[in-house]
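Next up, some structures in structure tokens.
Two complexes follow with chain A in common, the first pairing it with chain B and the second with chain C.
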Partner chain A sequence: MKYTLIVYGAPYSSQAAHSALRFARALPGLGHTVATVFFYHDGVYNASTLITPPQDEPHLNQAWAELKTTQGCELLVCVAAALKRGVMNDAEARRHGGEVHNLGEPFELTGVGQLLASAQSSDRTVTFAP
Partner chain B sequence: MTLHILNRSAFSSATPDDALRATVPGDALVLVEDGVYCALDARWCASLPLDVAVYALSEDLEARGLGARTDARVQTVTVDGFVELTATHSQSISWF
Partner chain C sequence: MTDKTLILIRHAPHGTSFAREGIEAALVGGAMGMAVDIVFAGDGVFCLLPDQSAGALGQKGTLPMIKALPMYDIETIFVDRVALQQRGLEVSALAVDAIECELASVTASYRQIVSF
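What follows is the complex of A and B.
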């Protein structure tokens, strides 16, 4: 089955991101795949390339990138939730007169409409909240 | 059939009671993260509907040192079992 996962939890503040990753990593062994991970609300902080945890702690930003490499899933970030929290890509930073950005490949800024499209084309949608 | 996914402890939140009130016969409920504390709450476990299967995620129980302390009504599942529950139920609701 194809899965869409929705992540509401900020990295290191709650177990949500860890639970979602644990769930996603278990899918292939059971014949399933994760098609889309959608980061919403405080979950958008998972997409910040500036995340720098101590070396003996899980690097959540890299873990999501590895998930895309191994399972080919999309990593979609709600643009409205991200911009107001200071998470943005180069194009959005320029558009708003900023000089720095902290989001790039493999994460993509998208709208909530993309979440609905993903949920509709997936067999299952599971939410991981803080 | 709906899978209810619950990550709040009944000792500190009313959400587990809300989740139970929303179940219908044939639904299942899985306790994850701090939701596994519900499996130790005699009051909450006594209010479980008989026609709703209740599971607790073994990895989250172990992480909290609660492996052998669950109520008799609560079965344990691994992450693989959790995945299969989402596959065998047509939809899920996350309670938080």
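What follows is the complex of A and C.
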């Protein structure tokens, strides 16, 4: 079955992102795939390329990127939730007069409508909240 | 079982932005022509109380967005009967026309549920 995962939890603040990753990694072994991971609410912080955990803790931003490499899933970030929390790509930073950005491939900024579209085209939708 | 998407709101209007972001998701779905229904459960039922204001934290109120749901073709607003009872609330005192329901039987009939 195709799964959409929704992540509301910021990295390292709650278990949400870690649990979502573990769930996503377990799916192929049971014959399922992750089609989309959608980051909303504080979950958008997972997409920041500036995440720099201590070396003995999992690097969540890189872990999501590896998930895309291994499973080919989309990593979608709600643009409205991200911008107001200071997470944006080069184009949005320029549009708003900023000089720096902290989001890039393989994460994509998108609208929340895409969340509902992803859910409707998947067999299962699972939410990971703090 | 319906192919519509159910938006489940479990948080109060203030304190976190979950309720607001969930209602926004419902409105966006409606604006994009998707078939969306919405259910308020747990502390989410407080979103439906009348006479709400924006609040001291500068958060916008959620009630005007809820009242706008029918304009986005979201006609079905469910509210969990048990959640109302637990909080001493009556469906007749709510600010919008909501359908009292048993949460489990509503959620069981939707293929996709997005929870806030």
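In this text, the second predicted complex is superposed on the first by the 130 of 130 C-alpha atoms of A that agree within 3 Å, B and C clash if a C-alpha of one lies under 4 Å from a C-alpha of the other, contacts with A are read in each partner's own complex, and residues count from 1 in each chain.
Criterion: a contact is a pair of C-beta atoms (placed from the backbone, for glycine too) under 8 Å apart; a residue touches a chain by one contact, two chains touch by 3 or more.
Given the structure is predicted, the values throughout are model-derived calculations rather than measurements.
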| Should A:107 be classified as contacting the first partner (chain B), the second (chain C), both, or neither? | neither
| request: Could you look at A:64 and tell me whether it touches chain B, chain C, both or neither (first, second, both, neither)? | output: neither
| message | Let me test your reading of the model: by the given contact rule, A:29 touches which partner, first (chain B), second (chain C), both or neither? | response | first
| request: In the overlay, answer first, second, both or neither for which of chain B and chain C A:39 touches. | output: neither
| Which of the two partners, first being chain B and second being chain C, lies in contact with A:127: first, second, both, or neither? | both
| query | Can A:117 be said to touch chain B (first), chain C (second), both, or neither? | reply | second
| request: Applying the touch criterion given at the start, work out whether A:15 contacts chain B, chain C, both or neither, answering first, second, both or neither. | output: first
| Which chain A residues contact chain B in one complex and chain C in the other? | 8, 125, 127, 129
| said: Show me the residue ranges of chain A that touch chain C in the complex, using the header's touch definition. | reply: 6, 8, 40-41, 80-81, 111-113, 115-117, 119-120, 122, 125, 127, 129
| What does chain C use to touch chain A in their complex? | 3, 5, 17-18, 21, 24-25, 28-29, 31-32, 34, 36, 112-115
| In the complex with chain B, residue positions of chain A that touch it | 1, 3, 8, 14-15, 19, 22-23, 26-27, 29-30, 32, 124-130
| Footprint of chain A on chain B - complex, ascending | 5, 7, 32-34, 59, 79-80, 82-84, 86-87, 91-92, 94, 96
